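Data block below; observations after.
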Amino acid sequence: MSASGNQRSRPSPSRWSKRRTRWLIVAVLLALAIVPEFFVTHYAHFESLGIELDARFGFYAWYSFFACGAMIAIAKLLGIFLKRRDSYYDE
Amino acid sequence: MSMHLPALQVIIPLLLAAVIFLFNNARIAYIVSVAASWLCLAIAIQLLLLVNDGSVIEYAFGGWEPPWGIAYNVDQLNAFVLVIVSGIAAIMFPFSWRSIQAEIPASLHVLFYTALLLCLAGLLGMTITGDAFNFFVLLEISSLATYTLISLGKDRRSLSAAFQYLIMGTIGGTFILLGVGLLYTLTGTLNMADLAERIGPLQASRTLQAAFAFLVVGIGLKLAMFPLHLWLPGAYATAPSVVSAFLAATATKVAVYALLRFMFGVFGADFAYGEMHVELMLVSLALVSVLFASLIALLQRGVKRMLAYSSLAQIGYMLLGIGLANVSGLTATLLHLFNHALMKGVLFLALAMVFYRTGGSSMRHMSGLGRQMPWTMAAFVVGGLSLIGVPLTVGFISKWYLILASIERGWWPVTAVILVASLIAVMYIWRVVEVAYFKERPADLPTVSEAPLSLLLPTWTLVAANIYFGINASVTTGIAQNVAQTLLGGVQ
Amino acid sequence: MQLDGFMLPPGLILILGAFILPQVEGRVRHALLLALPLLTLLMVWLIPHGSHLTLGLMEYELEPLRSSAEGRLFATVFAVAAFAGGWYALNKATLLELSAAFFYAGSAIGVTFAGDLITLFIYWELMALGSTLVLWANGKQNPRAYPASMRYLLVHLCGGVVLMAGIAGHVYATGSIAFSSMTMTDGLAKWLILAGFLVNVGAPPLSAWIADAYPEASPSGMVFLSAFTTKTAVFVLIVGFPGTEILIYIGLYMVFYGIVYGLLENNLRRLMAYSIVSQVGFMVTAVGIGTELALNGAAAHAFAHIIYKALLLMSAGSVLLMTGKRHCTDLGGLFKHMPITAIAGITGALAISAFPFTSGFVTKSLETAAAYQFAATASDPMLLVWVWFLLTAASAGSFLYVGLKFPWFVFFNKDAGLRPTDPAPHMQYAMWFFAFLCIALGVFPEALYAILPYQNDLLAQPKSYQQYTASHLLSQFQLLLFAGLAFFALLPLLKQTLTISLDVDWIYRRLFKVLGQEFTFKVGDLGGKTEAKIHGRIKRLIAHMHGPSGPRIHWPSGFMVLWVAVLLVGALGLYYLR
Amino acid sequence: MMLDFFDLYNYWVVIFLMMAGFYTLIAYDNLIKKIIGLNIFQSAVFMLYISVGKVSGGSEPIAADNIELYSNPLPHVLILTAIVVGVATTALGLALTIRIKEAYGTINENDIVQMNRDAEAEKAQEWGRE
């Protein structure tokens, strides 16, 4: 709705390339984060209870991604009901 | 000499009242009154020290042995109240001189001091006497003096307030007379100690019950128990400032004392609680008065009225303490007698100084005073904190015992009411603080300077007492707990 | 009064200092601002453990000077926060704010040395007073601070009232005023005390006061506010309610409440306020777990949190100060113009996200470690499993809503065209100082471990305790990096809008007002004869009772006498019918 | 039953007087009438005291030979004091009434209360809502 939002959705060609580099860096970083997974063994924190989910391959990576996605989705959903104009209480 | 102390306690102010009236010189009247008040305080302290071990001093007037003659009995309870009353007098009498210059025409100053001394004599007499009828007479002496003092207010409204108080006070006095009369027909004695003994076997008597009802309602009128309080705000709000201060700090306290004395000293705790279930009436009325008066205080624009209503709420606390019918509750009541005298004294004296400088005491008159009268407003703030019950002030001590008592009784809603009322007190005190410290002084009101030292000194003596007895409460709590235990005696 | 040596409660130094500050000016004041907290810190460490002072109040023996390991830890960080806060505020804050802040800090330190409930309560109320004044002091610059400070005071007074009732009940039930673990005692009093503590901790349903009040303070004011109130509440929970299960649920709620509201929030400092709730939620959860490791974790996390949150707030405050903008939507691209502020902000953001080699990493992992370590012996192990998974998710979430959101929208993103500079040197120094502490605690955690309350086998449990194992480092990196991936992937969903989010404070900010209007003006218009009639009667009654200058005080004496008759008849009737 | 009633007639007189006084206090706005009501009310109590002091068949309490039974003198003495108090109250009440008449121009209490309220309303108006 705001002006800045509109500008961001119509990026200039130069920003496109910037954005591509950014994604590239992110991809490399993520790869770097996953690669050592082959060499490191994680503890299963609740071994005694028979829960070994947290010791599976890449657990922290996908868990983090989906947890964050869920939190953003929930926030977005609640925002529909909870958001009010900035000056709501001043009226 | 020392054996005549109980008599001197009353006779000094009584006689000196007549003396200053004859001299008819305002300055002499002032000096003599101050001297009398200090002398009374010295005697009261002496008496308290004498009975602090739990003994009772009996003094037979004119050598007529009780129960035939009039006896003055001093025990820890009334010695404590004597100290409160004469102590407040000793602080406020010196204060009065400058304060009345601004509020009472010079021609009436001698009369003012005469009435003030008579009022003091009456209050002290009510406290010290051990004779039920003598109590009535001294009550009327103090009441008549009080009506006069109130009518000296600057505004004509003080006249109508004094008249209304006269009507109400006389009805109260007459009820007490009636109650005493019924007791006399039943037992044939007027000596309180003697009465207590003879009442013992008569618990089921209708006459006794009627006497109890009349006495409670009569004294309830004098102590402004809800809903018999309607005379009080008008009287306190229109009387000369120093009179409001003196009455707020002493008159209702003596009335509460009288209630205690009759309930426990004459009828006995067993009768009052066991037979009559007086706690039901006291607690319900007290709760209503605490909440109702606090709320109304919050809505007032005049600070004096606000304080008058807050006094009603505080009286509610004292009645609540009695109604809770346990040692902690009575301790709270007794402590609050003392503590409330200190805090309301400070608040009303601070207000009197505001009046002295600005000629008014409404919220408007107080706006912007924080900077112009820093010491006065600081005193007000300390008094206010004490009223709220902030720790390290006396207000906390009595409130603590009251809360403890309500919990001991298992009455959590009562606890809640006490705490909610404290919150409301925060709000009404804050209103004054806000206008005094955070509002600019209205352009049409004159700039004023700090009150003179002769007014500040007594006020700050009380402020110091508020803090001292808030930190070192062992003396007051010791006495109060002792007395509470003695009063309740068998009931537990 | 009994005194060993010449020891006085260290909090008094700051409280007295609050009254001295207005009396001096210029350099002396600056010197005092920096020296008094350091002097306090010295005092805190000179006092050996144990109770050193007793004061009689009523029939109780107060212990205003009881030094304990927990208390010392919190007192230390409070003194440090007062020091850095004072440094940051040096020239900028009003005198009232500085005095109030010192008074506030002193009272908070007083709480940490309170050996009994009455002393605790006294300092508790002083704290409420001091913090309200800190907020109030900003009223000249920001008129919204006045009503906000009043709402703040009201919430805290209500909390104080509940606490006092609880204390009185506790004293009656146990006969002791000692402030120690209350998990053994039972009854209403215990719950009232807990409720009183929880109000200050920002627990539901009254979490809203933090985001309502703090952002209205001045930049330095909010640094002070964030440090003390919630953390003293964590301290008293650690001492009084370790292992109270309900705290686990409350803590988890706070964690996610903070994250969700933080994600929705546009105002930078409100965002920070929500993140306080979330972070304190971690600590509350740990207190609820209640093992020694968990309590150590809560205490350590509080220690680290005060420092990195202050750092974040200094950074956000500097941005506000130099640009006058408070909303994400108005900011962006400031890295080039305010590099030092940006570095401070990023350091704080990394620390709050538990990035390895920052303080947050060291302390937050103690809490998650406590969850799985305790699962083996807990009566309800599945609860702890849930706690662990949720806290792990929340750690990632922290990175999302503060660690990335704050630096991204302020220092990067699209350039908003603002050209500020870094703030005054003393503010930069204060930020450097705290940034240094954030890193130092992360790299040398042993210093912090050494002062944690429970020293038993502290380092003898490699699996649960050693942060810097390959597995732990890797999992933390993955957690953070994939949170970052989620952030950038879902960036369109995070578009900031100029809004606020409703919360429970709606009830006291809006509902009462609406109700008031409804019942004063509208009832009559609703139609219906009886309603109008009743309304008219009520109106007349109110007009009768209530004059234009407040409730009436003048009544005819006949009316008064009538009441006498009523009461007399009532009293007599009651007695005769009985 | 009837006999009881007449035996205790003094109490009925007292109660009647008392209620009359009470009624006057409640129902009349005139300040003088209020004072009269107050006097009636007090007199009722005085009567009570005096009547209970009477011992049936007893003589005046003057020491004399061959009289065995005296009425109780103490209530009479007490009530003398109470009457003095009552007179003082009445005097003060009347004095106040005079001053009220001077200050307000009326002795009707309703009018006085209304004037007081109006005065406050006026002041509130003048100062505006603050």
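As written, the chain order gives the labels A, B, C and D, with residue 1 at the start of each chain.
Rule of thumb we're sticking to: a residue touches a chain if its C-beta (ideal position, glycine included) is under 8 Å from a C-beta of that chain, and two chains touch if they have at least 3 such contacts.
Every value quoted in this text rests on a predicted model; they were computed, and no experiment measured them.
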C-D or B-D, whichever has more C-beta pairs in contact: B-D
Chain C and chain D, separation of their C-alpha mean positions in angstrom: 64
Centroid distance [mean C-alpha coordinates] between chain D and chain A, Å: 88
Computed distance of Cα centres, chain B from chain A, in Å: 70
Chain centre separation in whole Å, for chain D relative to chain B (CA means): 26
For chain C, residues that touch 2 or more chains besides their own: 549, 554-555, 557, 561
Multi-partner residues of chain B (each touching 2 or more other chains): 157, 160, 163, 167, 171, 301
Touching two or more other chains - residues of chain A: none
Arrangement of touching chains [line / ring / star / complete / other]: other
Parts of chain D lying in touch with chain C, wherever the complex brings them together: 22, 25-29, 34, 109-110, 113, 116-117, 120-121, 123-125
Residue numbers on chain A that touch chain C, as the complex places them: 1-2, 4-5, 7-8, 22, 26, 29-30, 33-34, 36-37, 40-43, 45-46, 48-49, 51, 54, 58-65, 67-69, 71-76, 78-79, 81-86, 88-89
Footprint of chain A on chain C - complex, ascending: 256, 259-261, 263-264, 266, 329, 332, 372, 375-376, 381-382, 385, 388-389, 392-393, 396-397, 400-401, 414, 416, 463, 470-471, 474-488, 490, 493-495, 497-503, 509-510
Sites on chain C touched by chain B in the complex: 56-59, 118, 121-122, 125, 157-158, 161-162, 164-165, 168-169, 171-172, 188-189, 546, 549-551, 553-555, 557, 559-561, 563-564, 566-568, 571-572, 574-576, 578
Partner chain C, residues of chain B touching it in the complex: 157, 160, 163-164, 167-168, 171, 175, 206, 209-210, 212-214, 216-217, 220-221, 227-228, 230-231, 233-234, 237, 276-277, 281, 296, 299-302, 305, 308, 390-392, 397, 400-401, 403-404, 407-408, 412, 415-416, 419-420, 422-423, 426, 471-474, 477, 481
